[in-house]
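Structures for review follow.
Next come two complexes built around chain A: one with chain B, the other with chain C.
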Partner chain A sequence: MNTLIYTACLGLFGLLAEIFNLRKYLIPILVLGLAVIFSLNLQTWNNPQTHFNGMLSDSNFSTAFSGLALFIMLIILILSGDFYTSTDDEKHISDYMAILMFTLCGALMMFSFSNMAMLFLGIETLSISLYVMAGSRRFELKSNEAGFKYFLMGSFASAFLLFGIALVFGVTGTFSIDGIGNYMRMHADKLDPLFIVGMLLMIFAMLFKVSAAPFHFWAPDVYEGAPSLITALMSTLVKIAAFAAFYRLLSSCFVFALGKAEIILTISCAATLLVGNLVALVQDNFKRLLAYSGISHAGYMMLAIISIQGSTDSALFLYSVGYAVASLAAFAIAITVFKSTGTESISGFNGLAKKNPLLAASLTMAMLSLAGIPPFAGFFGKYFIFSEAFRNGCQNMVFVAIISSIIGVFYYMKVIVAMYSKPANEFEIKPTFAYQMVIAVCLIISIVLGLYPGVFTKLL
Partner chain B sequence: MENSIQSVPQNWYLLLSTFMFCIGVMGVLLRRNAIIILMCIELMLNAVNLLLVSYSSYAGNAEGQVFVFFIMVVAAAEVAVGLALLVSIYRNVASTDIDILNRMKW
Partner chain C sequence: MLTLILLLIPLIASIIALFLKGELVKWFSLVATIVQLAFTVYVFTVFKAPNAPEVTNGLLSLNIDWINSPKINFNIGLDGMSLLMVILTNLLMPLIVLAGFNRNQERTHIMYSLMLLMHFALIGVFVSFDGFLYYIFWELALIPIYFISLNWGGVNRATVTLKFFIYTLAGSLLMLFGFIFLYWNTASHSLSWVDLTMNHICSCKQGFIFWMFFLAYAIKIPIIPFHTWQPDTYSSAPTQGTMLLSGIMLKMGLYSLLRWLLPVLPMGTAEYTPYVIAMCFIGVVYASIIAIMQTDLKKLFAYSSIAHVGLIAAGIFALNVQGIQGGLVQMLAHGINVVGVFYCADIIINRTGSSDINTLGGIRLLSPRFATYFIVIVLGSVALPLTNSFIGEFMLLLGLFEYNSWAALFAGLTVILGAVYMLRMYQKVMLGDVNENVTVFEDLKWNEELVLATIAILIFAFGIFPKPILELVAPISEQIYRLSFVR
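Now for the complex of A and B:
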């Protein structure tokens, strides 16, 4: 809970920095603040507590995911220093930073909610901040379009979530997830049909939020149109927050009724895996490619959701860490390349290996980690999710997932081939110091986790 | 106050709010004017509010009515952001028809 309050304070500080003319020092102060909050967050480890009359509850699950979210936001802040360089951006830097902090608040609420009100407020705090950030390039129609599409889809899905919450409240008479879980235990054999409708509406809304097929159509458009840094945020923090909330919701409220929803979740998982990987094959825009790759990763994470009976939270967490570090490294490199070449298409990466071999090697490592090739963290994340799903009787889904991850290797290779075997273009590409540091840190974490995955496997 | 809410059977509230919710959903899916879509999303949220108020009054449990306040606050924030985005789109293309928003496909 302290994590949440201090993060909100940082957000308020960001707003005030405009008045006190601290814009120049804002990013270093926020980075420092987040690092402090990160270490404070570790104090809640093995120290479960509930706060605000059962609205929020700290657990190892929420501490681990909050730590990951704080780390991701720290990286995004470090990257933002060299990303927002135009005069218009510099004028609004404190607004951007404050909104990013509030996004983080929403994510933290989603990790530790124990009442439907907090789930709803967390999702909305996260989403409303992101609608603004996705549309923050006011004079670019593409950014406007991304923001507005995200807004329409997001609020549409939220309305379904609310209707589901209202129906579940009508049947159980409570918003607390423990209360709903108790109701479920007592009435597991004959559930009220309204309860099942409510549960399904909530599941649909969450599938929307995690961009699982067939509710994934907004994701590629929003990812392409939004500013690249915000795309990095959306494909890491937001996706992980949505999955953690989804996992927490299902495991604490609906675990006894999942038989009713299993077929929907399974179909959605298979469709997400196949759509994500197949459509990514024909993409030409790098951000869109990563968006579809993000959809396919949502499919792998769905495997952890459908085998939820076997408490797959460690596997989900390990996968999230591996995915987050690889994506952040890929986005840091991509932002550098976009900035130098002025294009977002994969052709911008042509011949990168000749001009900047180190950068090309880093992007290759990030891509291999995303594709799930050892010795990177992405491989072990996939391995643990697959083996957990296999153990819990989802053999068919594991088969689909393995097939689709083989398809996935092709489009990651497309970028690698462009870097190593296409003739070079004339642009000089050199990342700034902050970007070099971020890329190095992310890749080192990815390799270390790939070599010693045992650190996280039995964590939660 | 309680009595006036409870003078109507509970299922009727459920039917009415489901009906309102469906009108909202159809409006979002079928209408092309962004402002009408915003209104339809509001309609969906208000259907939920009605349902929550009736349930909470019948169960004698104020939690549902407190939740309605949360929904109203969030809906207001959402509309503020949505209209701001719409204004910036309107400044760029001088239209509120969402069919313009098709620069990005596949």
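Now for the complex of A and C:
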């Protein structure tokens, strides 16, 4: 709860910085602030509490995911210093930073909601901030398109969510997730059809937010059009926040009512895996490629959702961490390359191994981690989530996931092949110090977690 | 504990090699691999000592908790089979390193670091007694060889190596599914080898899981029809990469059959053995015929390798002691011989610039010493008595004869066809008049002579005095045979 309030304060500070002319110091102060909040967040560990008359409740689940979200935002802030360098950007830097902080607030609410109103508020806070940020390159057509498209589709999904909440409220008479959970347990054998419909509407809305097929069409366009840093934010923090909220919603309110929805979730999971991996094969734009790779990773995370009866939250968390650090490293390298070469196509990476072997090796590691090859965290995350899904009887889905990982290796290797065997282009590529640090930290976490994942497997 | 040191020497060497420059890194790698070889000899003496320590618990093994949930142990050890493969790896590594002297390569330190990393992963595969750990090393072995082939390979390397990578990784991922299945279907929920060999999975499920594992190994070995990556990869990879691949890496597949397939899924194996043996023989005949028609030197050796390992796989699947023991002995022999033939091919291609056997000829007249070494290696490959392959192939034939006399007939065909293409190749390349394309043939350099002489000595040494190796593998063959029986 404190985490949320302090983060909101940081957001307000960002807005005020404009007035007091503190733009120059803004990013360092925010980084420091987030680091303090990160350590405060750890104090809620094993100390579950309820706040604001049952609106929010801390739990180990929310603490773990909040920690991850704060870490991701910290990385994004460090990256933003060298990303927003144009004069137009510098004019708006405090707005951007404030909006990023509010995005984080939305995510934090989504981790610890215990009332449907808070879920909706969290999702909206997160989404509206992102609509703005996706369109924040005002003079670029694609950025405008991204913001507008995201807004139209996103508000549609929010309406679904709201309608679902209303129907569930109509049946149960409460917004509290405990109340809805109690209703579900008492009436598990004969649920009101309206309750089922409400649940399905909410599931659809959440599938949209996690960009699972067949609700994924917005993702590639938005990811491609949005500024690269915001794409990094969307494919890590936002996806993880949406999955955590989805997991919390299903596990606390609908876990015994899923019989009706299981087939839908299973089909969506299989479709997400196959669509994400197959379409990524033919992408030439690196951001679109990562967008489709993100869709396929949503498919793997869906395995944790469909096997929710066996409490797969540790698997979801471990997978999220592995995915987040690899993606952040990949984006940090990609942003550097985009900036130097001026192109977002994979051809920008041609011959990177000759010009900057260390950077090429780093991107190789990030790609291997995303592809799920040992000894990186991506591999163990995948193994663990597959193993947990298998334990809960989703053998067939695990098999589908294995097949789609085989397909997935192709496009990750495409980038590696471009770096190592294509002739080099003339641009000089050298990441700034901040980027080097971020890449190093992310990859070290990935390797350490891949070699010693024991700390996280029984965490939640 | 000793096993852990065996595992760590190459890893540490690999890290140090990254920081060295130029020729120094070659000498360093040579020293590191020789130290490793010397240490292996010491481990061998410990293993053979009269009151040898227990395999699962003692000086040679290490079993510590790694991940608590899911239950995964860092469990390494040595038994006769592991030790044989470790000996093979450590025997070949100095030769492979030595083969790179007098060759100019860009970024030498990265290449040797990758080779040593591969060495580490290969040792890891052979000493792992926990399925998960084994899987990690299995995958880890793929990454260095992929980059070695991609960066230092020949024409068309990007496509060829990508095919190789995806192909092998596809097999590995299916195996991962198999391991997840085994994990949840063993009573103790563990992947330790000892536990896996005591599982009670019903035969209806074993058949399916058998294929998950078998496909991974069939791709790696390779058994036809999963071999299409192999000839291209062998001919486009740099020589040292080809030596690593053909000498050691494809033994990973054969070794894994004996370690993780036969004893773990005996019913599934029993169910599909006839099909597998049929596949192996089709592969043997098919690969031999292609090798006879082949004019490219490296591809010829690649197909001959498919034929030889096909025979080893068939012998292993005969599921009797002779077959298993013969398979193990032959793995060692084939590893040594195949490294020899590929090195000879490289010497010829490097000096003449041609790999087409029709444009070669008469090299014997120009370099009689090279011709002598080459004929010894060729005779070793065709399993002449007193060479190392003879013992292995004889036992394989014996095993297959016990399984089915027709099978032995096909197996005998391998030996005959093998003699046909190897001797024909030798005749075209080395004998006859000097071809106009081969006007000068520089005599052997010191490192080349050292490698070839060592291989020639090994061929005769194991051929004349195979007792230590046979004694090493006899008990483990017996054990694997007993475990492979339908429980």
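In this section, the second predicted complex is superposed on the first by the 460 of 460 C-alpha atoms of A that agree within 3 Å, B and C clash if a C-alpha of one lies under 4 Å from a C-alpha of the other, contacts with A are read in each partner's own complex, and residues count from 1 in each chain.
Please note the rule applied: a residue touches a chain if its C-beta (ideal position, glycine included) is under 8 Å from a C-beta of that chain, and two chains touch if they have at least 3 such contacts.
Computed from a prediction, not measured in an experiment: that's the story for all the values here.
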Examine A:Phe139 and indicate which partner it touches, taking first as chain B and second as chain C; both and neither are also allowed.
first
Thinking of the overlay built on chain A, is A:Leu368 touched by chain B (first), by chain C (second), by both, or by neither?
second
Touching partner for A:Ile406 - first (chain B), second (chain C), both, neither:
second
Comparing the two partners chain B and chain C, which touches a greater set of residues in chain A:
B
Could you tell me if A:Val417 is touching chain B, chain C, both of them or neither one (first, second, both, neither)?
second
In the superposed arrangement, which partner chain does A:Phe20 touch: chain B (first), chain C (second), both, or neither?
neither
Considering only touches as defined above, state whether A:Phe52 meets chain B (first), chain C (second), both or neither.
neither
The shared contact residues of chain A with chain B and chain C are none
Complex contact set, residues of chain B against chain A
14, 17, 21, 24, 28, 34, 37, 41, 44-45, 47-48, 51-52, 55-56, 59, 61, 63-64, 66-67, 70-71, 74, 77-78, 81-82, 84-86, 88-89, 92-93, 98, 101, 103-106
Chain B contact footprint on chain A (complex, rising order)
116-117, 120-121, 124, 128, 131-132, 135, 138-139, 141-142, 144-149, 151-152, 155-156, 158-159, 162-163, 165-167, 169-170, 173-175, 194, 220-221, 224-225, 279, 282
Going by the contact rule set out above, which residues of chain C touch chain A in the complex?
66-70, 110, 132, 135-136, 139-140, 143, 147, 150-151, 157-158, 162, 165-166, 169-170, 173-174, 176-177, 180-181, 183-184
Chain C partner, complex, touching residues on chain A are 353, 357, 368, 373-375, 379, 383-384, 386-387, 390-391, 395, 398-399, 402, 405-406, 409-410, 413, 417, 420-421, 452-454, 457-458
